Amino acid sequence: MISLEHVEKRYSGTAAPAVGDLTLEIGEGETVALVGPSGCGKTTTLKMINRLIEPTGGRILLDSTNVLDQDPVLLRRGIGYVIQHTGLLPHRTIRQNISTVPRLVAWNDERIAARIAELIEIFDLDAELLDRYPAELSGGQRQRVGVARALAADPPVMLMDEPFAAVDPIVRGRLQDQFLDIQARLRKTIVFVTHDVDEAIKLSDRMAILNVGGVLEQFAPPETVLREPENDFVREFVGAERGLKRLALIKVGDIEVDDGPVVSPSASADEARRVIDEAGFGWVSVVDEGELLGWVDRHELEGCATAGEPTPRPFSAYVTARDSLRQALDSVVTSRTAAAVVVSEGQHYRGILTLERISKEIVA
Amino acid sequence: MGMLSLVVAQFEGEPIVRWQWIVDHLDDVWSRGLQHVVLTGSSVTIGLAIAFPLAVLASRHRWTIPPVTWAIGILYTIPSFAFIFLLLPITGLSQTTVGIPLVAYSILILFRNTLAGLDSVEADVREAAIGMGLSRRQVLWRVEVPLAVPVIIAGVRIAIVSAIGLVTIAALIGRGGFGQFILLGLDTFFPTPLLLGVVLSVALAILADLLLLGLQRLVTPWSTPGGTRTVAT
Amino acid sequence: MEIITDGFSWLTDPANWSGSNGVPIRVWEHLQLSLIALTIATVIAVPLGLAIGHTGRGRFISVQVANIGRSVPSLAILGLVFLIAVERVPALAFGSLPTIVALAALGIPVILINTYVGIDQVDRETVEAARGMGMSGMQVLRRLEVPLATPLIMTGLRLAAVQIVATAGLAALIAGGGLGRYVIDGFYQRENDRMVAGAILIAAISVLTDLVFTLLARLAAPRLTSGSKGSGKIPA
């Protein structure tokens, strides 16, 4: 979809090129992150694709046409572009902002209205925001509008320059999740720049790790980068906690969970005690026909006839198949039960994850 | 001292305002008011017509800023009082003698403000606009100019208010609008026209200021109120 | 253009450089009027601007009043002051006093606003840090706010000075001295060379005032390494 072939950007009066000789092939529907330290030319590279910066050498093919042969203004209308501070036009309403490119490419009013309706649904935006001005929106809302605006004319390709860097971590996390959901549906070809390795790991199909001067150190899926960093530069750049970061990529649903200690509420107290001793956690889950009621320990069973007699205590946190192993790990180390309880919809008991089980995935 | 006591005596018997005089001179009030407004309005309009293209040019070709600012700046340093009397022997007791200084001052104020307005557009807004595929001309007319409007109108406010003040000085050559009443009062030691001229010229300046402030709010619904602050530099 | 040369030849005629109506006397009168007026304006406007900027009290009203004051035509101020003088202190109504008062009134708004804004734009975090180190209100003002506001205050003084010098010519309208005499008398007596010479002198003195105050501002400015924050904001 996008190929960079020996792309070079030199600024006159500087000895070293900003980007030396970069070759990169990006497939259709792929999300690629450009990451690296400052001065690595990641933003320069991004902006050369829509010619906000003109390359001084090489070719950039978009759908097998060299972008350098196209009128830059027309080229840009066919590529979505999102920047850190959104760059929303402050004197235009949200509706007018979103319809900027559709108007430029002369869509009619009905088509624009239909597209806006579609976009606010996709981005979960409130229709009443449409007639407000950007200054009246929150940072997170503005960022979503920025992405919606870039997608307005339905371009196959989208470029994003630090798209979520300007919002606070909680909002950023939510925007990233929404981004993944939307991208799973739309399958655009996306190139984005970030300085945040975790963001690249979370959002990209492949990450291009660049060194100063636009030197490509590794171009691979995040999983591969974390497991087999190409060289010391990559190892150092992705930083410590590589194992932990990999856990963020593995879903609980991807691995087999342990059964864990389980009794039914009608089981005898002796039976429950036996299960507790066998598992060695000091507690047992009470599960009634698949539904998780909570847990009890030896102390509470004293003087009771059945496992269901003392009221089972709820677990402080659960994980589901969609959560990552990193979240499961967090649940393990912060809960009193020394295990993360895995449930599916309707509190349906699936099993448990222990520190031991998770660490197996780290070394794998 | 003899003349002084004479004048003071003349003032002493005189009420501050003779309403009948004002009623008798309503025609004059009207025509002087018209003169004041027309002189001010036309000078600032001509000034804007010259300053706006200059500022657009300067925002595109930055190297032109110092020479243009320097050239207009020289005119600006000549006091209006001196400017009028330097032109008088050349252009006579005409509209032009007042108009040239007024236009010159307007150009500098409006050039600076228009340029500042165009420059005030934030870099990421401009970048996003270009990134979306707006051409240079579209960026200018759809993004930069609309966003510069508040600053341009702020400049028009300053230009108009100072022009209203300058017109009064042109009373000396008979083109002073309401200033004519002030001069008449000073010349003839007659408080009524003096006060009338003061009140009307001040009222005109304040009214123009408030109207333009209202206009500024009206044409910029996107800006949050209370952001205005003009510092003279 | 011939008339301009006439003006210059009037200026080079030694006869015009002596006596009570000679150039040195008129220049001196002009500067005296201006300097006294500027001093009065400064003494009133700077402390007031400092107080408003430092305490934040009464800023809305004073800025509004100053803004309106700035829009009052100079001839109107002069006329008004003269009228009041004639009514209240007739003995002093003719001559320098009304002119000085009017010129001072003319200078106050711009000095006041620039002083206030100069203090107000000092970074609030820097002020907080200074207070946190245990500086008193006066110390914050003297050691931090005033030095940082100096460039803007100096700009206000320069603008006021130029405006006062340029307007002092109007003094001649109410029988005052200064360079306006040449212009007004030349105009009424149809002596164009005298009138133009007066206008040239007033223009020259205004330009010189501008230069002198620009130099003073350079000398007074504290050394700040990087430039102050750019105004990315759009004034409403």
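Think of it as A, B and C in the order they're written, each chain with its own count starting at 1.
Throughout what follows, a residue touches a chain if its C-beta (ideal position, glycine included) is under 8 Å from a C-beta of that chain, and two chains touch if they have at least 3 such contacts.
In this text the structure is predicted, and so the values were computed from the model without any measurement.
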Checklist outcome for this item: The chain whose C-alpha centroid lies farthest from that of subunit A is chain C
Item to check | Chain closest to the middle [Cα centroid of all protein chains] | outcome: B
Item to check | Cα-centroid distance, subunit B relative to subunit C, in whole angstrom | outcome: 19
Next on the checklist: Using Cα averages as centroids, what's the distance between subunit A and subunit B in whole Å?
Outcome noted: 57
Next on the checklist: Rounded to a whole Å, what is the gap between the Cα centroids of subunit A and subunit C?
Outcome noted: 62
Checklist outcome for this item: Residues of subunit C that touch two or more other chains sit at 234
Next on the checklist: At least two partner chains per residue is the criterion; list those residues in subunit B.
Outcome noted: 122, 147, 220, 223-224
Checklist entry - Of all the residues in subunit A, which ones touch at least 2 other chains? => result 90
Item to check | List of subunit C residues in touch with subunit B within their complex | outcome: 1, 3-4, 67-68, 70-76, 78-80, 82-83, 86-87, 90-91, 93-94, 110, 113-114, 117, 152, 155-156, 159, 162, 165-167, 169-170, 173-174, 180, 183-184, 186-187, 192, 195-196, 198-200, 202-203, 206-207, 210, 231-236
Checklist entry - Where on subunit B is subunit A touching in the complex? => result 122, 124-135, 138, 143, 146-147, 220-224
Item to check | List of subunit B residues in touch with subunit C within their complex | outcome: 4, 7-8, 11-12, 16, 77-83, 85-86, 88-90, 117, 120-122, 147, 150-151, 154, 161, 164-169, 171-172, 176, 179, 182-183, 185-186, 189, 191, 194-195, 197-198, 201-202, 205-206, 209, 216-217, 220, 223-233
Checklist outcome for this item: Residue positions on subunit A within touch of subunit B in the complex are 50, 52, 73-78, 81, 83-92, 100-101, 104, 133-135, 146, 149-150, 159
